[in-house]
């Protein structure tokens, strides 16, 4: 099993969720995040003064998938999340040693 | 109704003029004055409206503009200042401002009315109860030091805030209020300040600048600031200020009549105009008219019309709003970018500049030909303008010098003016008040 | 006090009737009218209360119902419309609504009072200053286009909002206001509309529907919407609307007397009743009475009683509240589920339907036998009902047709009505105003 | 103006005394009473101000103090109680409180004014419309059961809240209100309760304690509680309560005159003083004066001055504020730490103790020598004190006993008083109302 | 060392914390999250209209533990967090290469 | 590649970001978190009653870096974030199997 962790633009969340649902993904977890990167933060102007917002709002997706789903999941996310503008975000993949479904105690792939 | 000077000649006009000048005629003298229910009803309401401006209006307005770790401290400043000013007002500041000062009446009132001594349920001030006049004026004494909160958020020690505000009320607000509204030398000269362009906005604005100079800027100013944490809160506060300002300017007529009505009319028109000015400047400059921008324009328009509100007509209201919007907009940049002074929430640029500007412009737009109330029987525009300039210079000079001294004293008494870096980094909410907002 | 028609015969009743009809008697004619301090005090207050309804009341009410990425844009709409309407009101819209239109007076007023020309500090309208009457009516002209904000949030271009609102104020609000309150043809027929069932709620509601048709629904409507981001904000706004409505309906008496008192009584009872109706419907249908539900009921009850508020008694208030609660509840479903129109915050279902319903029901509950003020000397329930139906049909027709044209023009002038998809997805706060709320 | 007893002898003083006592003189008797426009204007305003205290004032004040998962339920309690109380007030509770009860008038009023029967547009109560008197008093009947919301948040069933509040209004509020303000036995004895120390604060405070005893404490009380989720919300609510209290105490004069003016003066001074007391206690004890602390002091000061507000002068206001601040502060600890009763938002410690304390202190500070209005022609301080003690004992006893029974009945009708653990853990917002606040 | 990442229902947090404290766990980090899964989101009703809340509020726990504690930690979380209703959440276990306590610079198991 | 996950005190964020920028780090993701640890939670006092705040506000940094940068990154964070007071937080390092830049589809070290 692998953990796919994706940092995306917030308003791409719906599109990504739909793309993953189409792949048959049944579960994922989302959290709010702020990103610092090449995008360099927006400038907001209040009363004529510029405020550099170092951290840009992002959404972070964590989903654990079966090893053989990883590639299609990564691709689906990349397709759905990219806008070709700087700051589209990243996808990271990490190895998962074990998984358990809390409700049933099932483990391994059954838990996903 | 031509209420243009403070030289009162008949009882009838005395009461009206009292409205215009915020000056309480001697009740003993006005022997057969009778309570007027309509006027009393309106000033009761106006008092509630002006209190509402500070609590919660100004608190929310300022609170939305700071970082979320300092929002409670801003609320705390506004709230505590309101309480402190109220008690001091009773203890003697009202008396210093409005009691007859005898030989030194030109510069300061006496202490005869400290603790409202001699004021009973029946005592009148004009045709309203004196306790009501006391309360209405108290709400002005509350909001004026609270305005200065905008100069020092996110970095001033809480105890220094209290010392500063108390001393400032006594040594800046009381005398200037006496000069202009309490029968002092500026009143004698016939200065026009309907609802506090000098007494409220110029004093607060100038003192804000001086205090910032003494206190230092925020960490990261001007390049690394955090944006307002909640423009929505700021909007809510601005809206409450706007509504409450009807009591501020309209109540300053001290009567429910044509003067109050026209005052709220021009007040509203100036606010609306200055708001639109700010929107269009931002739209043109940045492509994005902002909520923080429009409500700043509102406050600029309100501050600018304040001294003029009982003297000018609708066209005057629109023109003063235009001027207030434009000039305050550029003043914000001047203070922060050129002078590099972190008057954090623009007390000087909005209130100080607005109040001074309106105090000067009233000499133009009070002209009867422009729909204003005129300059009294032997007044002229030129003469009035000179008087207004004198009023501005005196108020600015006194506020500046006195504040300088007060800062030293408040710093000494309050353990320094400025919080230390750790307290600032942690946020004043936790470091001084042990609380945090927004525990979702 | 039987104020039932707009045909004024004596000065005494003229002033009262002015209250009922929101109609300003010619001051020259009422030569010996004198300012009434009590009435002036109350209308000053009422003016502040009605402004408070829009800023911040309506802004918070609507702002809580949208997504957090669009909340500032809703605030901005309400605030900017308020400023724009104020200035336009001075520039000519007040005059179109309330000045004598001469030969065409049946359909529209004249421009004689543009810029309040001829109105000085002393000018009266009835027994209050005309500048006050101007201001009180202005607050209605502010809230009416702001109500329509509920139809188009989260997707309309900011410049289109401004063009639409300005044109709508001139071409829908001004004429209908003139017909009903300004001495136009509906006033001549004796239509009953105490505080704006037709002038405010029916116009806004119908125009909302037409605008939605032109603008299109929100992305994801009706199956994939985001829930209100802050029901608490909405509650705060609704509470302010409720309180402010005392000024709206009570102030429409234009006097501090029995009419104002009964108006706030029935207003309050209708609001409370309709709120409970909404609670119990939701409880029965879903098992969960909601805060958003109860406050929607409140607004429905308030809108429905508005045209009737000076004409009916307490029983009428309760019955109209019952009707308003039930019918508006089902109207919400009708518009969104059957008509598939994304009148996003239910302007038509709550205000339009409520205003029309109240306009019809007043013909029943104004009956003296039901505790109402009666139908005047030769009026009958049947006759009044016919008049009310004519009023509704005319208002609906004109609002609908004119709004259709205004949408075309506003779209052309404002670069299209609808924001593009990227702007919508990013949220209007950032895309149009460069700000975001809630920076914790 | 010495309005010190409820024994009315002349028409002139009757109207004044009506203000003092909140007692409506029989209109038929006061045959030539005429409507007073100034007074009507002020009471219209005061009615709006007192409604504003509950909606949204109290709702926000309480809402900020609970966990974010229960904030909507608190809003819902306040809002629904307001609606329910309004309708019940019309249906008979007003009549029970203020109508003549004939033979049993000492203990309860009659039902002759249920549905405002016989009250038309012209009916007066003193010199204001009776419908207005009905409305003003209704706003008190709204806030009193809503105060008790602070005793049971985060754990009471919604249906039990409604049953409890309805029964409580009928069986506790109506009789005590009649005793004190409606011409009942305490009014006959000449008890002083200007604006509701007994009628509002003592009843609500005592009943809160009894209800908590029946309902049980919150999970985790007292060691594992969650801190207030938004002190800022609480501040906003407290500020609105403060402003609204001008209507509460000032409006209780039922006239726009010296009594109202002095009432708001002492109200304000007491609030400011008690706030500062709380600040300094916290500063001394913990080193961190808090926003939640200062605003709790404000409410304590306001509650304590309430019964005394029309009877005492400025020095009385300050002293009562001092007493209220200190004693309520320690009462909070007493209830929670010693008695281990989870009166969650301190209804008893702040309102109950404050109201009782003020009811006793008025017997001291009403003395003319202390600037008060005196004890009437043959009254003495000692005699008055005994009367006040009797008033307190009777109110406390009746509130306590009746609430005990009401809890049983409400529990039976509402399916138990307490939500089950799962509902509590999930939060009442979702479990009872299907909503959540703060969807960012 | 292992990272145990658990997605649980928010109101189970107190119970889980207590269970872990009993096991002697000295530290953990919590963040707010939203979950998408079989639970399918609540339906909230506003003004008669149904709103499908795709994402359900969850709490995410991250705690790094010694290898031989993993099983008991996972079991303790599962026991404390399950309500037998759908949406109880998941537990994932990942390998941790290194740990450091910022205050002292200690590394490895000493850092936990 | 490695994922460096650091739990720090919120007001140290700016200092850490600057230290990492100096190292040439081009991207990182931040989220809000709450920590439970030896620090034992603050006590806040409301109306005289003590409230034990079990969970203390923390900020969580996630950044994926090249293997040979890990040590300097960990050290930089530790230096910038420590205040020598309890509760300074932890740094954990996890192995990352794959990374992708959403905008371009680049993978591996190029994606960082």
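Every chain is named by a letter (A, B, C, D, E and F) in the order it is written, and numbering of its residues begins at 1.
Here, a residue touches a chain if its C-beta (ideal position, glycine included) is under 8 Å from a C-beta of that chain, and two chains touch if they have at least 3 such contacts.
Because the structure is a prediction, the values reported are computed rather than measured.
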item: Set of chains whose contacts include both chain F and chain E; value: A, D
item: Fewest hops from chain C to chain E - one hop per pair of touching chains; value: 1
item: Chain E against chain A, contact positions shared by both copies (same if over half, else different); value: different
item: Euclidean distance of C-alpha centroids - chain D vs chain F, Å; value: 51
item: Chain A-chain C separation of Cα centroids, rounded to whole Å; value: 46
item: Distance between chain centroids, defined by C-alpha means - chain A, chain F (Å); value: 18
item: Shared-contact residues (touching 2 or more other chains) in chain F; value: 31-32, 44-46, 94-95
item: Set of chain B residues in contact with two or more other chains; value: 36-39, 41-42, 45, 226-228, 256, 286, 288, 290, 292, 434-436, 438
item: Interchain contacts, given as pairs of chains that touch; value: A-B, A-C, A-E, A-F, B-C, B-D, B-F, C-D, C-E, D-E, D-F, E-F
item: Chain F contact footprint on chain E (complex, rising order); value: 1, 3, 17, 26-32, 62, 64, 94-103, 105, 111-112
item: Interfacial residue positions of chain A with respect to chain F in the complex; value: 2, 5-8, 31-38, 54-55, 58, 60, 70, 74, 77-78, 81-95
item: Footprint of chain D on chain C - complex, ascending; value: 1, 36-39, 41-42, 45, 49, 68, 226-232, 235-236, 239-240, 242-243, 246-247, 250, 255-262, 264-265, 268-269, 271-273, 275-276, 279, 286, 288-292, 294-295, 298, 313-315, 318, 371, 373, 438
item: Chain B contact footprint on chain F (complex, rising order); value: 11, 44-46
item: Complex contacts: residues of chain B adjacent to chain F; value: 425-427, 434-436
